[in-house]
Every structure is written in C-alpha cells, then in structure tokens.
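In the part that follows, the structures are each spelled out as structure tokens.
You will see chain A twice below: alongside chain B first, and alongside chain C after that.
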Partner chain A sequence: MKMGYYPGCSISGSSREYGESLLAVLRALDVELAEVEDWNCCGASAAHNLNHTLSLALPARSLALAEQQGFQELLVPCAACFSRLAATRKALMADDAKRRQIADLVELPMKNIPVSINLLQLLQRVLPENLKEKLRAPFDYKVACYYGCLLVRPAEVVEFDREEDPEEMDRIMEKIGAAPLDWAFKTECCGAGFSVPRTDVVGRLCARILDDAVSRGAEAVIVACPMCHSNLDMRRQASESHSGKKYTIPILYVTQAIGLALGLDAKQLGLQRHIVPVRLSAGKSSQILENAPA
Partner chain B sequence: MSTAQTHSAQNLTLADCLLQETGVDIRRCYQCGKCSAGCPMAAEMDYPSSVWMRMLQTGRPDLEKAVLKSQSIWLCLSCESCYVRCPMEIDIPRVADFLRAASKRRGLVHPRARNILRFHTAFLDSIRYTGRLYEMGMVVDYKVRSRKWWQDLLTAPGLFLRGKLNLLPHRVKHPKAMRKLFKWAAEDKEARI
Partner chain C sequence: MARIGVFVCHCGENIGATVDCARVAEACRKIPGVAHSVDYKYMCSDPGQTLIREAIAQNKLTGVVVAACSPRMHEPTFRRVCSESGLNPYLCEMANLREHCSWVHEKSDVTTDKAIDLVAMLVEKVKRNKPLHPIKVPVTKTALVLGGGISGIQAALDIANAGHKVILVERDPSIGGHMSQLSETFPTLDCSQCILTPRMVEVAQHPNITLYTYSELESLDGFIGNFKTRIRKKARSLDEKLCTGCGLCTTKCPNKKIPSEFNTGLGMRTAIYVPFPQAVPNKPVIDREHCTYYTKGRCRVCEKVCPTQAIRFDQEDQIVEHEVGAVVVATGFTVKETDFFPEYGYGKYKDVINGLQFERILSASGPTLGEVKRPSDGRVPETVVFIACAGSRDPAKGIEYCSKICCMYTAKHAMLYKHKVHHGQAYVFYMDIRAAGKMYDEFTRRAIEEDHVQYIRGRVSRIYERNGKLIVQGADTLLNAMPVEIEADLVVLATAGVANEGAEALAQKLHVSYDSHKFFVEAHPKLRPVETNTAGVFLAGACQSPKDIPESVGQASGTAAKVAALFSMDELTREPVVAVVNRTAPPLYSTCVGCFLCQSACPYQAIEREEIKNRNGQVVKTIAKVNPGLCQGCGTCVAFCRSKSIDLQGYTHEQVYAEVMELLS
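So, the complex of A and B:
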C-alpha cells in the first residue's frame, strides 16, 4: 500500500526544495507516496497560540480526509506539521466527545485516525542496510545534524528518538558516508514562527547555532524541517547582523545530502533555490555540484 | 469586562480556570527554575516562566493581570524545552497558549508584542479564506496590520527568482468546510476566559 503524504504549506511554497529532494530520493528508493487529497493547513503555531480548539480542528480535517482516502500512515516531512498532526491525533484519541464533534463538522467518520510519521522515521525504515554500496558519491563531509524542537519534543507526542540528544539523523548521515559531529545545539530553537514578526530573535538564536556548528568544523548543517531551514538559510543576514560575523556554511535538507550521495542531479534536489550557496569544498560530491547544469 | 466579573464572582483564580480548561495544574510547580534556565527567550522576558508560574500560584488579581499584560507570554516560541525538562511534568507551553488567549480576550496584549499577535492573526486569516497558507498574501496582510511596509522588501525578489514565492494562493476544494471549522472554534471556551 502506498504511504499517505501530507506536504504542508511550506513545501508547496517557500521550501519547495525540501519536497523536490524528498520525492527524488524516495523515487530512487522505490517508495511510493500518495498525496492526501484536499489537505489543509495544520494551523502551525498561529492556531495554538490563539485558539486551542482551532489548533485541533484544522489538523483533524486533514487526518479525517486521509482516513477516508484509506491511509493508515502519513508521511509529514515538516516538523511543525508533524507535531500538530501527531498532537491532534493524541488529543482526539483521548477525548471521544471532541472527536465526535469534529467528525460531525467535517462529515467524515474519524474512527481510525491515521498515524503521522516524520521523514527521519521513514528513512530509518526504507534506507537499505547495504546503502553504502549503492552510493555513487559518498557525502564525505563533517556535518552538524540539527533537529530543532518539534521533531523530538515532547516525546509523548512525537514518540521518536531522544528529546535531548537525538541520534537518528546522525545515523542516517553515517550511512551516506558523512561524519556527524558531536555539538551542543542539536535541539536548540531557531526562532521558528518569529521569522517575520521578530526577525531579530531569529538572528540571535540562529547565530548561536551557526557559531557552534562552525567552531566544531562542520562543513554543512543538515536539517529536516522547513522552518529550521528558512531561518538558518533565508534569514542568514539576520544571524550575520546579530553577531557581526560572516557565515558561509550551507544548510542542507537531509534528503538533499542523501540525493547527492546517490548521485542525483543537484538541480533535481533544488540546491539552486538556497539563499546561501551550497559550496562543498573537498570530496566527491563537489564534482557533482560543479557539473550540474546551471 | 464581563468574563473578568464572572471569574471573580465564582472566586476562581486564573490558575483555577487554567486547571478546569486544560487540566494543567501549576500548583505543582516548586520553583526549581529549570524551565527558565533552559528557555531560549528568558533573557528577553519581563518575567521568565518560573516567575509567572509563581505569580499565578498566588492567585492575586494584580499579579494575574501583570502576567496577562507581560511580553513574556507572547515571546514563548513553544519550543517545548521547558516542558520536557520540568521535573513535575507541567505543560508550560500549554499554559502559555492559555494565557495568550486570555490576554487577547481581555485586551491586555503588551504593546511590544502586538506585532507577534498581528502575525498570528494574518496567518490564520489566510487559512480561513484559502485553506492553505498563502505566504505572500499573509505577509502583505501582516504589513498592513503592522505598518512595516519596508520589511523584507529586498528579500522578496530573491525568493521569487528561486521559485520560492507563489504569486497565487493554493485553495482547498471545499472552502466552506474551513469556515465551518473556524466558526466552531470561535466558540472555544479558553478564548472566552
């Protein structure tokens, strides 16, 4: 059976390279996805900041549609959407009255709410044991795996990895030949939804993250969340004006790093869409980047 | 304000209402300070989380009002660090959600936090009408609300050239369903405390 796919709004807009690289890599690994038809926005932090009921109602509609379309599991690559969908399922499983109210509103049964999984959970399952043999250009760089907040917190909602020192992304990076570093900011917040109303906060928080990654010799920061990516990449200037330093370290989605290692085309992985140019110095992957069509 | 009167007439403190509505019991807090120590925003807060927890524990109306008027509750990023570290497992981000709704309802939003509220409002308005976030529409809406006309004007062309900016919104097929959900949520009890 195909796995359900809830792309979320960022992947359909400002973070489309995450979706592009994810689809390219999963295609190469023979994993089929089917997008949930007519999904809607999960409400992100705006909904739970202002109205708790709305923060459940919005994800619930998408979950109800996914159930109706026959999905038992949904891939939710955005960490924020993943957290909202998982939290909603948990809340509705514990509150029968609310579940029935929402089911009436959306006119769908909501009996077997599908389980949401994040991208790292899916990769954990589908990356073959002998992946190293299949790599065309091992991603032999020192990387700082940045998990951010909502992939790993709180454990009771996400049911994934360790809250304080997660390891799953590091393991995936090892599988493609990278050297994940031990660093201090794996799960420190990037400023998330403050990107627009308080860009200064994002600058302060991201500068700390970049400083630590760079000082430990990382050549790239690897992420699995559109918010983390846009704050560290698109908002690079905010970090630089906060610290007065220049940072050139690129931010790659986990799927872009895997894609490069599998020998996929850089453009297909959306690397040209980054604000901070992806220039990786040594290693085989750099050849791929240089040979890529502009 | 009518709800404030109900709340005092029933002799309920804000902490009581919080417990009733969310099930989160802040009386459990014993002031270890771990939440504030690990909070990425504590340095910018007028009262860090452990302090506003104590203020609410007293049940004093003046301190409750000070919490609802604080910038802190709007600066919380819901990163969940405090929650996973709290030895008493108090869901502090959930408390912050509750306090924001109450602060907005009673018109006590800190002047320096208004842009954060405007952003959330612009975000939700975008979903109300199209079902999916229309990033450009939301940013324009935010600019109108906050009068920050010049912010990010130089970022936009770069995003457009990189194919990151949709000029038109993606709409769900059943916008009526969205409006129904918003209407139902408007009756949310917490937003009325």
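So, the complex of A and C:
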C-alpha cells in the first residue's frame, strides 16, 4: 500500500525545491508515494480566520477524496497544510454531527478519515538504522534546526515531539552526520503569512532567528515548512535591512540536507532555486561543493 | 398498623421552585400507613423542627420521613428531633428531593411525580424500620500526627498541651519541614528559623510527645478511637542513645559531594549527615545510597572517629506498633521543579531556579550564607526576574488552581533581593496580585512603592541564554501586549505548589479521599474543613491544598481542637448501621453455614468465627460473627453471603426490597 501524498500549493509553486528534494530522497529510500487525485487548497492562514465551517470543509474534501482513493495515511510536507488537515481530522472524528454536516457539504462520505503525518514523522519511520553507512557525503555541518510554529503544534492535535522544544529534526540531522545546535529560536514565529502585507515585520522576526543561529555558529538553518523557508530565504533582504547586518547562512529543507548526504545531485534537490546561494564551507564534504550552484 | 409522618421541605427555592411540594404532601397523605403529611418552607429551621415534634406527639407517629435535602446534610438534625420527641431516631429517614430531584430536573409535573415516588419509597422503608441503638466504643487518647512541618508541629504541641499523648512521625531525618528552609517570612519579615526552631525543641522535649524521625507510616487499621498503627523506623545506621550529636563523623566523612536536599541541591552534604545545624533531633543518618561503605564495602571512617562508638552499619529498619485514637495528616506539599517548564529551558539553565531555591540563597544558613549569588558562577545578579504563576492557573500545564502562596513570597523575594543588592533591578511578571490577608496587600504595595520592584503584568513566553545572560521574553498586557525583553542574570520561577510524591499511596493507607491533584479532601469545604470522610482522621496544612504559614498554623490548631474534643469523651457513639449474622432457634442456630466467604470479602477484618456449643460444651457449629466495633456497614459481606444469612441493620433485604417494589408498583 502506497502512502498518500498531499503536496499543497506551496510545493507546486514557491517551494518547488521542497517537493523535488522530497521525492528524490524518498525515491532513494525506496518509499513510494501516490498523490491524492484532485486535491484542493487546505485553506491555511486565511480560512480559519474567516469561516469556521469553510476551514473544516476545505481540508475535509481532500481528506474525503484520500479516503475514497483508499489511503489510510497521508504525507503532508507543508507544516501549514499538515496543521489544517490534522486539526480537521481531529475535529471531525470527535464530533459525529459535525462530520455528517461537513460530509454533506463536500458531497463525499467520510468514515475513516486518513491520518495526516508530517515529514519528520515519516522520516522517523523510514530512515534506516544504518543510514550512516549509506551516506556518500556526510552532512558534517553545524546546523540550527528550525521547526517554526506549526510543525509540532498544537500538541493535542499533533501528539508528536515536545511542543516547546522539539527534538526530532535534530535527531534526523545527527543521523546524516550533522551537528545540531542548542539554540533559542526553534519554534519562534517567522512572520508566516505576513510575508507579503508586512514584510517589515517578517524582516524583524527573521533577523532575530538568523542572528541567534549565526551567533551560535550555525552553518545552515534546516527547515521543514515552505513558509519558514520563504521568509528566511526570500525575505533575506528585509532581515538585513532591519538589522543592518549581512547574513550568508543558507536555509535548507530537511530533505535537501539528507539528499546531499546521500550524494544526490544538487539540481535534483532544487538547490539552484534558493534566493540565498547554498554555499557551504570548504574542506568538509568536497562533493557538496562541486554540486552546489554558483 | 404503622403511623408514618411525611414532612416535605421547600428548602426555600431549592426544592420549592421546581417541585410542587404541596402536591407531594397531598399525594403522600393517601399512602396507606401515612397518618400525617405536610409541607413547609424550611423544615430544618426551628419552627420546622417544632412542626415535626408536635406532629409526632399529636398523631402518635411510629415513623418519620423528611423529604428535603441529602441525608448527609440534615439527617442528624431530624433524627435528633425524633429522639427528643421519644421516637427512636432510626425510625426517621430522609427522601432526597434536592440533590436527587429538584437540582437535576426542570420544573414540571414529571419532576413532582418523581418526588412523590422518592417519598413513597422511603415510606415503605420506614414501615419496616426497627429501633436501633448506637454502638459505644472506647477511645484511646493518643493522637498520631503524620508530618513534622509547621502544621504537624503545631497540631502535636496543641494536642500535647491539652494533656493527651502524641506520636509524631516525620519522614526526613529532622522535623521542621519547608518552613525550616525559608529565609524570612511575610508579611513581617521575621526570620523563619528564629520563630520555628524553639517550637521544634519544644516538640522534642515535651513529655507528652513521642517523636519518630526518619520514619514512615507502614499501616493504619481500625476505626475512630481505636486505630492500630505500624511505623517503620528507617535505619539511621547509628545508636541514637549513644550518639551525642558532636558532629565529628559528618566533618570526617570523605564523601562530601552529595547534593543537599535541605539546600535544594544548591549545596553539598556528606554521606553521614545532619540536614541542617538546627536539626531536631541533632543526630545524623547515613545515606546508604551514597555511603562508600554501603556502595563499595570499605571506608568506615565515621565508625573510627566516633567517640562513643555509636555507628551501627548492620542496623535494620524497625517496625513499632501503637494504638491511637485519632490521626492528624500534616504531610505537606512540594513545589514543581524548573524542568517542568519547556519554554523556560526544561531546567537546563543553572540560573533559572524555583522559589524554594531562592529561599536557600537568601537564607543566612544557606549555601551562600545569605549573600545573593547566582548558582552558575557565584556572581551577584544585577537583574533578577521573578515569574509568578509558573505552572499555576495554567490548564495547559494541568494545574488549574492558584498555588496561593506565590504572590506573597514573590513580593518578599523581590523585596529581600533589593534589601541585599541595593543597585540591583528586580522585575516581577504576574497575572494578578492575589494578596488577600492581614497586612498582605500593604506588603506587596511596599515592594512596589518603597523597594521599587518593577511589576509587569504579563506572561513570559520564553527564556533563553545569550552571551551569559538569560533573555526573558514576555509581554506587558497593560501596555497593549507590548513585547518586553529583559536581559536577566537570574530568573526565579514561582513554581506551582503540588502534592507530595506518594500522597496517593498514603491516602490509600489512611482510607482518605484525594482530589485529581492528589491533595487530600476535607469532609466539607466550608463546614468541616479539617475532618476527612474517614472518622477520626483529620487534616492540617498544605497536604490539603497549598497554604501559607499563618493558615497552616490556624488549621493545625483547629484540627488539634477537634482531636481534643474527641479525646474529651471516654466512649464514642457509633451509628448502628452494621452487619449482623442471623441467629435462630436450635437445632439450626443460624442459617449461616460457615463458608466464611464474608471473612475474605470484608475490607475491615470485622468478621470473626463463633463456635456454637451444646449443653455438653461440644462444638456443634462454627458460624460467622460481625464485630460491631470494626464493621463500617459497607455491606460487602451481605452481597457475598450465599445463604442470605447476613443483613445490614437499617438496610435489610426486606427494607430495600420494599423500596424497589414501591418504585415499580
């Protein structure tokens, strides 16, 4: 049974490299995914602020389709989508009347709503014990694992890892040879959806995150959320103009770091799509440098 | 023919607004055997009681049903009224129209119908009630006090000064409890040790008090006035009679790096140790978990240096047994550790400490001798942030309640810090300042106005370390949730006060109930605050809920008064609701066949064996017999009996069956 895959809009747009690197890594690990057919927008950031029923109905339609297509589990790599899909499942499984109401609305039956899992949960399961032996270029860098606000929250919905001080991404990084740092901004806000209307706020928040990571000697920030990536990477200029400092630290998706460690091609991992060039210090894994874009 | 009186109470609006009381009284009048039926606004009031008294006399009533509130509330009241009117009190029953009917239903005809059913059932029962007589039991005039903190000390002294014997049991090597750890006490700022240690000495020297320190309750059996207790005296590993408390062993012990419990881990102690210099008794114990002799089999330095040869490495735990008449539970509380707070670093920052630790830092007898120095590097902190409600009043952390003492001790901490570090800056993050109490609000105002402690109303969202400073991130909700960031040298969390570890197990040993937070539960939150639901077991201090010193002392004295009142009688009267094994004429003697299933089922060891002998003295039959002193009337034996030979007085098969039949008819 293949695992269901709900890419969400970011992966089809601004963060294509997340999807590309995800598929490349999972291919290398022999994990098969099947995209949910005809999935739709999860409503993240907007719907649940405007209309409660809509905020349930949007994810519910995709979940109902996934159920109809025979999936029991869905990989949802975007943290915002994951949060909405998981919260919707929890709300509907706990309330039969609500579930019937939403099922009527989306015109699809809902009985055993598939469980959504985030990328960390999947990697925890599929990364082999002897991964270190398979690494062609251990990712031996000091990294700051940035979880953002939604990956492990709210705790009662996600029921995974420690909500205030999560650790799973750090463990995954250790498995590929990286040295995760103890730092203070693991779950602090990046500004999320304010990226467009209030770029100045995003700049201020991201500058604090980058400052702390850099001051503790991080060589890369690792993320598992398209929104976090956009704000830390794409809005780099806003951060720099806020703090008056230059930051060269690259922002990598978990899957890109794993891909590099497995020796996958930089292009396959979409490294060239970043705004901040992925330049990692020389002398460690020469192979990465060869593959890294200019 | 029975002549039952029915008295329907409105309980003001409580019943009257929902149930048609007049219709209930009228309907009951028609029940065969009911000679009198009336309703009245407050049956428990003086005129209401007179109403019953007169009706009993005028109508020659043979039984009474009061349809009112729960029997837990007023059954004793109405039974006393009957008794005063010459009617056996056990011929009076209560139909619970309030909790079982009016409070849980809407006003309707059906609700009134239910009320009528409830009364009719009790009428059928009372018709079959028999006069019963209270059981008299003797009282052992010795109290067992569990816990040697300020509550236990106060209760023990008050009971002992009333002329009764007290056995005081303390788990730690010394009495004194949390109060002995405190620096100064609010709202007067007098030194905690100075007011406590004289009382500790008084306990040790009191002729009526037997003190067992480093001891724990093993078991408690029996019932009010007649408990049997077993106490485990943990091995101190020395002969207390020979030890003079000279302290040579503790200075010579080579194992000096054990975190001191008394100093909340901020100081070190030796493996053979006295928790603090003013300890009572001032005699050491060997911590066998850390002692080199017990872990590695060699050392014995203390044995070599002891001038009186008091060390006993082979000493074993000892069990002592006592008979006591009452138990005071004063086992106290504890505070959450800083690792309870993920957002504040899971306890990984040395300079994020809890309130009890800061008490030790402030204390003249503490690890820094009263100088305010932070744990990480011993520097004097220039900026200290205090966080109130760390865990308390936070449903997300599972602690919804207010820990009550933190607002006051946080104000005290900030004040004492400012007194010691004049140029330092103290901040307090708070939700509300709860300073209700004599001179309490004035005290917190003084901290703000005279000592210039900065109070910020808001929560701290995160603490992290940057360049040797603790960055405290929060919001000021009085300034429109403006973000606040403070670079602190020391952070003190007023962590929630919680039940002691093992509180649950202790409650089960004592047969007292506990709430979802493992605090022991009083019999009534307002009117019986020091009693538990187990007769003869009383509460004092923070084992019931977090309390400050004045409140703990007040409650302890209250408890002592209850114990003294209990001991003022030579005999106790107990409810005759006990199980009885039937007896019949020979040759059967009883329908009991002597299977003794009841004996194994009885939780109170109340079932004995009775041999029935013929006139020649030969045993013809062995049957069960209930010891009415031990029986608690739970009825378990009744349910177990295969030959229906045991019945519960006041709740016989016949009575209960009649009630059920009435309901179904």
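Rule of thumb we're sticking to: the second predicted complex is superposed on the first by the 285 of 294 C-alpha atoms of A that agree within 3 Å, B and C clash if a C-alpha of one lies under 4 Å from a C-alpha of the other, contacts with A are read in each partner's own complex, and residues count from 1 in each chain.
Assume a residue touches a chain if its C-beta (ideal position, glycine included) is under 8 Å from a C-beta of that chain, and two chains touch if they have at least 3 such contacts.
Bear in mind the structure is a predicted one, so any value in this text is a computation, not a measurement.
Annotation: superposed three-chain arrangement on chain A; chain B versus chain C shows a clash.
Within the superposed three-chain model, A:Val126 lies out of touch with both chain B and chain C [touch as defined at top]. Within the superposed three-chain model, A:Asn40 lies in touch with chain B and out of touch with chain C [touch as defined at top]. In the superposition on chain A, A:Gln272 makes contact with chain B only, not with chain C. Contacts of A:Asp165 after superposition: chain C is touched, whereas chain B is not reached. Of the two partner chains, chain C is the only one touched by A:Ser215; chain B is not. In the superposition on chain A, contact is made by A:Leu105 with chain B only, not with chain C. In the superposed model, A:Glu188 makes contact with both chain B and chain C.
When the two complexes are overlaid, the chain among chain B and chain C that reaches more residues of chain A is B.
Within the three-chain overlay, chain B meets chain C in a clash at only one of the listed stretches 1-9, 19-27, 37-45 or 73-81, and that stretch is 37-45.
Residues common to the contacts of chain A with chain B and with chain C across the two structures: 163-164, 188. Listed in rising order, the residues of chain A touching chain C in the complex are 162-165, 183-185, 188, 212, 215.
Listed in rising order, the residues of chain B touching chain A in the complex are 22, 40-41, 44, 75, 77-81, 83-84, 97-98, 100-101, 104, 115-121, 123-124, 127, 131-133, 135, 139, 142, 146, 151-152, 155, 158-159, 162-166, 170, 172-174, 177-178, 180-182, 184-188, 190-191.
Across the interface of their complex, chain B is touched by residues 9-10, 12-16, 38-41, 43-55, 57-58, 61, 101, 105-106, 149-150, 153-155, 163-164, 187-189, 191-194, 196-199, 201, 205, 234, 272-275 of chain A. Taken together, the chain C residues at the contact with chain A in this complex read 342-343, 345-346, 462, 464-466, 471.
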